[in-house]
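Below is one structure. I have some questions about it.
Labels for the chains are A, B, C and D, by order of writing; each one numbers its residues from 1.
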Amino acid sequence: MKISWFRRQQYVQVKLDQRGEQGALWVKCAGCGDLVFRERVREKHGVCPRCGAYFFLTAQERISLLVDEDSFVDVSRPIVAADPLGFTDCRPYLERLKEAQDRTGLPNETVVGRARMGNTPVVLAVTDFRFIGGSMGSVMGEQLSCAMDIAAQELSPFVLVSSTGGARMQEGIFSLMQMVKTAAARRDLERACVPFVSVMTYPTTGGVFASIASLGDVAIAEKGALIGFAGRRVIEQTTGERLPSDFQTEAFAFDHGIVDRVVERTKLREELIRVLSFFPVGRSP
Amino acid sequence: MKISWFRRQQYVQVKLDQRGEQGALWVKCAGCGDLVFRERVREKHGVCPRCGAYFFLTAQERISLLVDEDSFVDVSRPIVAADPLGFTDCRPYLERLKEAQDRTGLPNETVVGRARMGNTPVVLAVTDFRFIGGSMGSVMGEQLSCAMDIAAQELSPFVLVSSTGGARMQEGIFSLMQMVKTAAARRDLERACVPFVSVMTYPTTGGVFASIASLGDVAIAEKGALIGFAGRRVIEQTTGERLPSDFQTEAFAFDHGIVDRVVERTKLREELIRVLSFFPVGRSP
Amino acid sequence: MTIEDLIAELQNKLAELRKFARENGRDVSAEIAELEEKVARISWGPRAWEQVKLARHPSRPTTLDYLDLLMDDFYELHGDRLYGDDKAIVGGLAKFEGRTVAVVGHQKGRNPAENHACRYGMAGPAGYRKAARIMGLGDRFGLPIITFIDTPGAYPGIEAEERNIGGAIADSIYNMLRLRTPVVVAVIGEGGSGGALAIGVGDRVLMLENAYYSVISPEGCAAILWGDRGRAPEAAAALRLTAPDLLDLGVIDEVVQEPAGGAHTAPKAAARNLREALLRHLDELRAVVPGELVNQRRRRFRGMGICEGAVETMRLRNGE
Amino acid sequence: MTIEDLIAELQNKLAELRKFARENGRDVSAEIAELEEKVARISWGPRAWEQVKLARHPSRPTTLDYLDLLMDDFYELHGDRLYGDDKAIVGGLAKFEGRTVAVVGHQKGRNPAENHACRYGMAGPAGYRKAARIMGLGDRFGLPIITFIDTPGAYPGIEAEERNIGGAIADSIYNMLRLRTPVVVAVIGEGGSGGALAIGVGDRVLMLENAYYSVISPEGCAAILWGDRGRAPEAAAALRLTAPDLLDLGVIDEVVQEPAGGAHTAPKAAARNLREALLRHLDELRAVVPGELVNQRRRRFRGMGICEGAVETMRLRNGE
């Protein structure tokens, strides 16, 4: 056990890159089509001040939406994606990684940390969709597993907020195996009797949905979430079926018993504080 | 623990009453409408020699269909139904019981015994539909539970062949409670690592279907079985739905994943011998 | 002739008989006893039937009403993770007297729209599978479990059969026999058949005074045995389905008093009584170690049933 | 231009370059090395792609074929007890070398009618739930479990999503991590994505020589990353999805040889090799106590993944 890593603490290493796509003063809302002032959107945690549509949140924005002020301590392991297959399509994987790191200011797509929510200590893991679609490779598998280990060891509830397109296909079979790896870590969490709340946002799909995100004690869908396993296009092409208009929406997931609750973004923090208040953490039955 | 009961053994107490409904030489087949010679039907284990339709089997006929010759030892407990509610509708319950006993020659609807199937020792329980619809009251609950106790203790597989309309409503709440009682005995069977094969015949419905009959390690439907919880009439009246033609048939149960296999009556014995051959009885994992 | 008329007529006859005996000095005690028993039997019908009607009263507090009144907070969980969310069963985590409990109950709805959405508490497979999931969650975290029974029965429908409602009920019963935490069941309204029992496998079973609990609805029983749904009052009496009956029969542990006129006339008073009873039983059960709880629960239900022995009359209770 | 043409052209260029160097005494070793690497990379494409095509060969033995060849008896079990029976997954009890095992595998069908009924092995929720049920049965009776992987992936359809295919796969994975009996997995044909992995959590993972196992189909990968499904051969090579690749990457334990030309040319020979390997691994696993099996399996998969450390390069295997 590399306990040493668990002890490592440093303040938020998530840096919001102000250049590039994040730089413009105004941003166009996909909901109402209006140009809205970016700063206003940010203040409102990525909710359009005109129409209420949700913008993507960065990992940092998601964290600051959820945790008690200044309570977040990044405990992500100091690892970045390797290129175990030497994968190249039109561009080498390592180049894509570098580009994603530069664009997001993040070393990888997963941020995990200790935090407090309504003064309850939690271990929080967040994935950032901007980083290669928030896809799960060896790094995400390792970060989430270590996060669950910390939660199990410290008897702190584990909260996962997913925003992911699924597997990091550039890591091939290793990407697939993270589905089992995270499930194995979740097993230890269960044995430690520590609660796990899975929050699914836009999008929670593919391999992450078909593994760790579906294994929560409680499953919460953010309003506007996309939740499902297979992609719409694949389904249409394979089956020729016409998809219903609410297909794979959060309402679809709720109606089909896949999630416990649907929550608006602005109420998500209160929701998590509330649900965590019910769990007698660390009590071993 | 009334271990003494478990040791009690006596040869088949099932007597086939030759008078009354069983007396006639000829019997009308519901399948082809022909009058067929009763003795021929009996020889063929209740299969119409003309059209292959199934007649009801008595408990004795069912047993002799399934077990190695002369291997059946009745271990039913020497109990008969009480009338705990003092129940009377158009006729007192006790009168109905007496009539059923006289007509069937059975003390109650359930016969349990030790037997061999293809030389494998088993505990076999059979319900007789002629006896007040093979309905489950305190006696059936007790007989089945004791049968499972014997199976658990002797590490013999348990085979239940159901033919029942459900609850014995004249015993009111006690009848309902047999659903839990039998499930509790089944739990002990599971803990002893003893296999349980549930055979559903025409009909396996109501409270028996919604408890012990659904809790087998393997579920086999006899061809022509009726399998379901609610009665057709109740469903039609409550919902106004038109029932599909195969509703609650054995094919319906198979298609909906409710039973593992559908087996013809004449092949049922071989089927049971075969499935039992797979289980390493009494091995505790 | 209504049952009330019949009773009045019988009582007139009784009075005449007594008068005749007094005036003529004849011993008619046998005839009088017979008539009195008949009156008692028949008049129990309306009383049991009154209870059934009270148990079904449209304003009677539902599971959600009691959760409102009993719990400091109720966090509802939804879905069976398999196909759907059945509104005829509600469940989740709740705070009861400072402790978290897992709760599950049938929900009938509190107005016509809700009634429709909840199918009057007639749950399907998705409901029972959600119930098992929530009880499993409670079990994993060592939370006591409280269930509220209030259903005419499981929903009889094509889809319910397609989704194996029988197996869902059996699995729910089997699941409850495995739970390692205390389980207290409260029958708050209708306790209809297997659909009720599916969430009724408790270490303690309480019943509100005007609730009923029965293997079959009085109407269903009357239709089958009397050939006439209209004889439901007589069936209700014969089934011995009232709370005092069931206490007498040893199937439930306690009758929780309701305010005069029924729980719907003063829901808070009813909830107060229920709270006291739940708390008392949970306190008692907290002292029992998990493994022993499972054994006791199994033995409790193993012991239920009354048979006539060839050699003896057995009253099977508490695991013999 | 086909890949074969491209390779021929590159090899011509290489020959010219070498001739040029020889004749002119110039050092072009850097250029030659670059070209050689390019040829190697590109020609791996067709080789990997050949494997994928072999893995998909319409005559390739299916799970039921292997069960016929390997098992003395196979007793098929059906149904998920929830809603249906998915023919894309078969399973049941079988006799293997004198012992009972529980088996589960994807089934593609052996003729067009079966292919259709089995959806070419693309299983839905009912299939994975049946699989979990059968593995649970094996576990209860201490039976070793053998699974056969042969699917292009889980079925992508509306009904599959309605029935929570994602949750079904997750639950199947989670269930396999809990099994206390030995689990040996054999990838016999296509190992397509999560739909394959759902029954792939074994103590040992074997692969037939011409099977493939991948996070995504080569076509899907090519469509997304190259923007052209036609580039599937290149994607196949890049994904490193062949049995030798995966052995090299440490994700599988053994490559089971196939007869020359592929398993379909001599199914009995393929089955003989598979039998020998299964038997050997099951024998090894029989020595491990149940609790330790669970721990080892958990550690095996906990250790899978390769990252680049800020301080060190970690090759995570066998639980660090």
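Just so we're on the same page, a residue touches a chain if its C-beta (ideal position, glycine included) is under 8 Å from a C-beta of that chain, and two chains touch if they have at least 3 such contacts.
From a predicted model like this one, the values you see are computed outputs, not experimental measurements.
Chemist: Could you see whether A-D or B-D has the larger number of C-beta contact pairs?
Modeler: Spelling it out, more C-beta pairs touch across A-D than across the other pair.
Chemist: How many angstrom lie between the CA centroids of chain A and chain D, rounded to a whole number?
Modeler: 28
Chemist: Round to the nearest whole Å and give the separation of the Cα centres of chain A and chain C.
Modeler: That gives a centre separation of 45 Å.
Chemist: Chain A to chain B: how many Å between their CA centres?
Modeler: 53
Chemist: Which residue numbers or ranges of chain A touch two or more of the other chains?
Modeler: Those would be 214, 256-258.
Chemist: Identify all positions of chain C at which a residue touches two or more other chains, and write them in rising order.
Modeler: Residues 81-83, 162-164, 167, 171 of chain C each touch two or more of the other chains.
Chemist: Looking at which chains touch which, would you call it a line, ring, star, complete or other?
Modeler: other
Chemist: Using the contact rule from the top, write out all pairs of chains that touch.
Modeler: According to the stated criterion, the contacting chain pairs are A-C, A-D, B-C, B-D, C-D.
Chemist: Considering the complex alone, what residue numbers of chain C touch chain A?
Modeler: Within the complex, chain C contacts chain A at residues 73, 75-85, 93-95, 100, 126, 130, 137, 139-143, 180-181, 290.
Chemist: Considering the complex alone, what residue numbers of chain B touch chain D?
Modeler: Spelled out, the residues of chain B in touch with chain D are 190, 193, 195, 214, 217-219, 254-261, 274-275, 277-280, 283-285.
Chemist: Chain B touches which residues of chain C in the complex?
Modeler: 154-158, 160-167, 169-171, 173-174, 177-178, 193-194, 197-198, 201, 213-216, 220-221, 224-227, 234-235, 238-241, 246, 249, 251, 298-299, 301-311, 313-314, 316, 320
Chemist: Provide the residue numbers of chain B that touch chain C in the complex, in ascending order.
Modeler: 1-2, 78-82, 84-85, 87-90, 107, 137-139, 141-142, 145, 167, 169-181, 183-188, 206-207, 209-215, 227-231, 234-235, 238-239, 241, 243-244, 247-248, 252, 256-258
Chemist: Can you list the residues on chain D that touch chain C in the complex?
Modeler: 81-83, 125, 129, 162-164, 167, 171
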